[in-house]
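Please read the structure below before turning to the comments.
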């Protein structure tokens, strides 16, 4: 098919926008940690770009969007026919009528895989071994993300069932949230949890992250239409409305509950809205997007307190925002879906006369993906923990993972140290520093 | 009365606070500092270059205590801050003429 | 009309770009305050996204771009025919030949409404009640922004007169600047004004804001063509030239006046250039854009000092940059307009043989909008002040609006407090902290 | 030719993306300096936007992309036929079949000129006179950048020879890197070099810079196709792969060499990858992009240490990353070019059966441009140094160039100074501060 | 001579500076600190969680004064810094052997 | 024993450190401070407005020294920190009862 320059122009832009979300996430998460862990937190996002890109070119794209010969196996994962991406170079455009080069579609999907992995890291702030995270990121992407993307978007079993997930409420958010919960259990609580406040060290960084996430999310959501049409416009507007109203709902809840509306609340509310509208944005009416946004903001504002009740240290609320918000959005489609894709056997929601069938499917989707992801992440995490260890030592944790793992600190703003910060636990004897050649 | 000043490793602050509180000290003032001492002189490698490190982050703890308690307070701090490695820091004590609680204007031991 | 994928691709992108400007503004403004007010400053921008989006979907779009039955009333505001935006979902494309979905046009316009409101907040840094600002933002948008947008872009009386305003010099900047001036009067001066320096606490944040504003402004200006054509290219190039030269002019003025060129000067100059070229970008030649940029940079560099002469505390120079810069750009069109839109009865400028008629109209536009906005903002502000109060207590102001209003501080970078910052005025007795359920 | 709305939509977007790279660079560089020089570092980037934009509209575009009457002189520079850009306003579209307005092409190219100049400033952090830099930026752009752009992209002698440079490995990176090396020699070493650590003062700012650079670079690389087609998709994907793998390679080298993977390493590795893939992105297969990325990350990780061996203070590693990385990418095309542009007499690389001819050309390109740029930058720098002086006084340098040159400091986060920072070397007697009128 | 150190609430710094200046004090040194005392122990709520707050931001003011002025300087500070609420801080005074002005090398009272 | 405190201009810290090291001082503690004194009172212009500057960045250096060395240490600091311009700062010395090295518990001169 001939390339549609307009569609392709938008999809290239959308891909760049979604890629920017991962640095955005790094700032959002980084600002929320204490100053002594900001670099490690951001590095977990940035290294996900590295590991997932490498896995994608090797086999990730192919596992998610390729085909294997067997119809049955194809329900669960793709094939190895597009390994190395070389085949996409020659078949210039996707053969599905979208009119964009295959590599653009592949790059767009790659950025989704990256951010899904990065999202998980918020659950294990301050205390994870960097090498262990590197290994986890690539193994989880391989065993969980690529297959799940295939289930829903690659023609797998959930797609065949008619599950609706416009831009990834299930594939991205439920998936990442469940894995985050599993890792919070595997790694255990931070030293000082529930005693020390552990408040965000830099809320300007948090807001920067949210600003970039919100901006990039338009690529994520409107881009997921894979075309430039009025549905893309609908997805865009719904994204804006749900996000704004979710942020509003969160700070209203705070005002009534705690007596003040916080910056962190507005930021978290916006993310909760973005998450919840993700699966729904192209399928619902503006009023429904507003309602879903308000609901997501209010529910997640309470859901982030769950960890204190249940006793897991999901440090930056991956569960409360992404698992809860993603599931909320996915399930609500069973009620409010107005414009589903007929060709994939999807039905309208209960409120639009669609009956209970679609609602049932919409519950099945997040449950299946959430369980699979939770179990797999727990197993992968445990194996890593038993072999290479997933957690740094307590002394390193108290001193700060930045200086102990990366030999750096985030900031050095004073006049005294302006020539460099030394490790507070530096060895006393002039260390036998490795001679550097080059 | 005495002013006891301790310059310690930052990650020991929590231990020192806890030990002083248990001993019965009701207040203290804490600030950031940088230490220069034996611990200096180690070499770090960064971006492929080696350099000497001079100043190491420390925390300064100041405690006003009654004459008779001073020795014990010092011992409590030293015990809590000790790791046995170079750079553990110093504690010193200085005579104080008078102490006033700003809120009430009380003077001397009552002001602590 | 069939959707033009190229046009729509650009307009979706442009809309995302303009939305990013509001976080950009939050950083620009936030960096300029003192450290103790950065969060409140940024929250005033972010909450504008919330309130204006909510008003937009309910009735804002309709008031600005809908129609009511009466030709006379239509001169002043739209109707309620597009309330809830539902009608835009079904009429897939705007019927005006632009070839983009109606919801894309609506989302694009929404982002203009948001930033106009957010711009005002710079005048009342450090001292406004957050709740009062929330109320003001939505009332001012309703009574001022939506109608004024209708006057100029919705076919209202200024449009019928043939006023030129390519991307919002009058609708956005004069409008916001005049409202900022009114609020500066309503709230009064900050404690310590003219005594304490009140210098920017974080100039990297200021530059980040400017970077994002500049980037987003290409969507604002080139997007306002509502098409992808050579005029969009002209608007883009003119935006770049005027902005660069205005920044240059400002720091040259500083160098000669104060002896040094500052970062804040470069940043402010760039914004002054962006503001001034906004109404003109698609109507003028590159040389004229350059001249306008230089003029705007130099004039605004002096105009920000006006407040000290006249004695109002326009904290972050909304008046000196937006009111002055916007009016400058709007009026100058009466001289330099070379390529106006014939279909809306616009004429070329004096220098292009257009005589004095267009110049007169170009003066009328900002004067009418500026007066209306000033008066309305003053009335709304006064009513809020008399009822709920618009200003925080002096003790809260000295302590810092962040900690007293939002219970947060922007930064917590030290080793000592790295586990959280306490309020310096915290109550002494273990507060009866509200029990949190969930 | 009729405007292609899709192509134009993408090129406008790409231009905005590339413009954003210069603020991104400002943050990347600014974060790497010590806190006392962050503003000056960022100002050197921002002022390049000003000076180069001014030169561009006056004569820069014309020198690079215009024509003079003489075929021979045309090999070396353009003419003055497009001075003032006025001629581009009337000839709405480029006549080369790309289907975009001429002004869009010109704006796109302008953003390349800006960032090339800004890149150089990294070599002279902490110690350059601001006015000297302003002069250098415009003279170097005039005598070096505009002609070199003409050589390679304006139909000049290197283009005629069939040199391949997809998006500017030679024109941008080798060019800037060589000039940076020259200036490092002209200005000499910073006081305390090799003694004080001079570590980055704000690594969150460094990562912000990298995030924006990476994002904007998609406009740089995929935009350089000047069309929306499958080659643009290839350029996009290759950019992503090379960048991710270069960042990975750099931190792996660090881990083995120094014992820890740093944030600065990941950031620098990403930039090295972006630089190396720049000339190659649209010409090579994905596997080759991966290989080139890994090579660039590893080689540059060592190359940044060269300055300690050879004894020049290239403060922020313009040479180690841009000169080395750019040359690596340019030369490697002689091996791995798979899809060159037939119409400009380019050949495939050695590995694709192209023989040694193209490899020879690919070596000639960076050597010629690098030598020319180095010599010219050295001469321009020396003349400036002898006349107005290029370096600030040692006392100013130790105190900090921000406060001494710009009368500002980057941050003022404390409670004590929250009302303003004074110059630590402030004069004692109430200075005869110039009265400010206005 | 005496060194008078005051640990006060940050928002009172301006008042203390003004009061000292009016009294005739020509110089002082100010730094940031964190206080631990009775004021600690209050509970804050953030993001739906309660926690105890330990350390509260304070400002430390150091004033060198002549023996005879010390008492009055203390009074001036206490009066200016007082709000009557817990956490107002402490003032203490320490004997000083000698003071030197770096610029001139002057010693004793002339160095102030 | 004595505690010598010096409040100096930030850009002189390196010189003071070097001079003390050469004299044989093995340790010191450094922190940030703001100074108020004669240097205050100058006017700056920023964004077209003039304002008075109160507090100027300073660095505080604390050195514990034996009774007999104190005078010399003071001289070393004063010499290294002097620029001759207003704002050079102050040095003062305070009697110390006792010093303890946290690492070993050593007391007195051995603890230095």
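A few points about this structure:
Lettered A, B, C, D, E and F in written order, each chain numbered from 1.
As a convention for this text, a contact is a pair of C-beta atoms (placed from the backbone, for glycine too) under 8 Å apart; a residue touches a chain by one contact, two chains touch by 3 or more.
Just so you know, these numbers come straight off a predicted model, no measurement behind them.
Annotation of chain C and chain E: jointly contacted by A, B, D, F, touch as defined at the top. Looking at A-E and D-E, the interface holding more C-beta pairs in contact is that of A-E.
Averaged C-alpha coordinates put the centre of chain B at 18 Å from the centre of chain F.
Taking each chain's centre as the average of its CA atoms, chain A and chain B sit 44 Å apart. Note on chain placement: the centre of chain B and the centre of chain C lie 51 Å apart, centres being C-alpha means.
Among the residues of chain B, those in touch with two or more other chains are 10, 30-32, 34, 38, 44-46, 48-49, 51, 53-55, 57-58, 85-87, 94-95. Shared interface positions of chain A, defined as residues touching 2 or more other chains, are 4-7, 9-10, 13, 192, 196-197, 199, 202, 208, 212, 257-259, 262, 264, 302, 305, 407-408, 410-411, 413-416, 419-421, 424, 434, 436, 438. Under the stated contact rule, the graph of chain-to-chain touches is complete, every pair of chains being in contact. Within the complex formed with chain B, the residues of chain C that make contact are 414-416.
Touching chain F in their complex are the following residues of chain B: 2, 6-8, 31-38, 54-55, 58, 60, 70, 74, 77-78, 81-95. Within the complex formed with chain C, the chain A residues making contact are 4-7, 9-10, 13, 17, 34-36, 192, 196-204, 207-208, 210-212, 214-215, 218-219, 222, 227-230, 232-234, 236-237, 240-241, 244-245, 247-248, 251, 257-264, 266, 270, 285-287, 290, 302-303, 305-306, 309, 410-411, 413, 424. Chain A contributes residues 194-197, 199, 257-259, 262, 264-265, 268, 301-302, 304-305, 308 to its touches with chain E in the complex. Note for the complex: chain A touches chain B at residues 192, 395, 398-399, 407-408, 416-417, 419-431, 433-436, 438.
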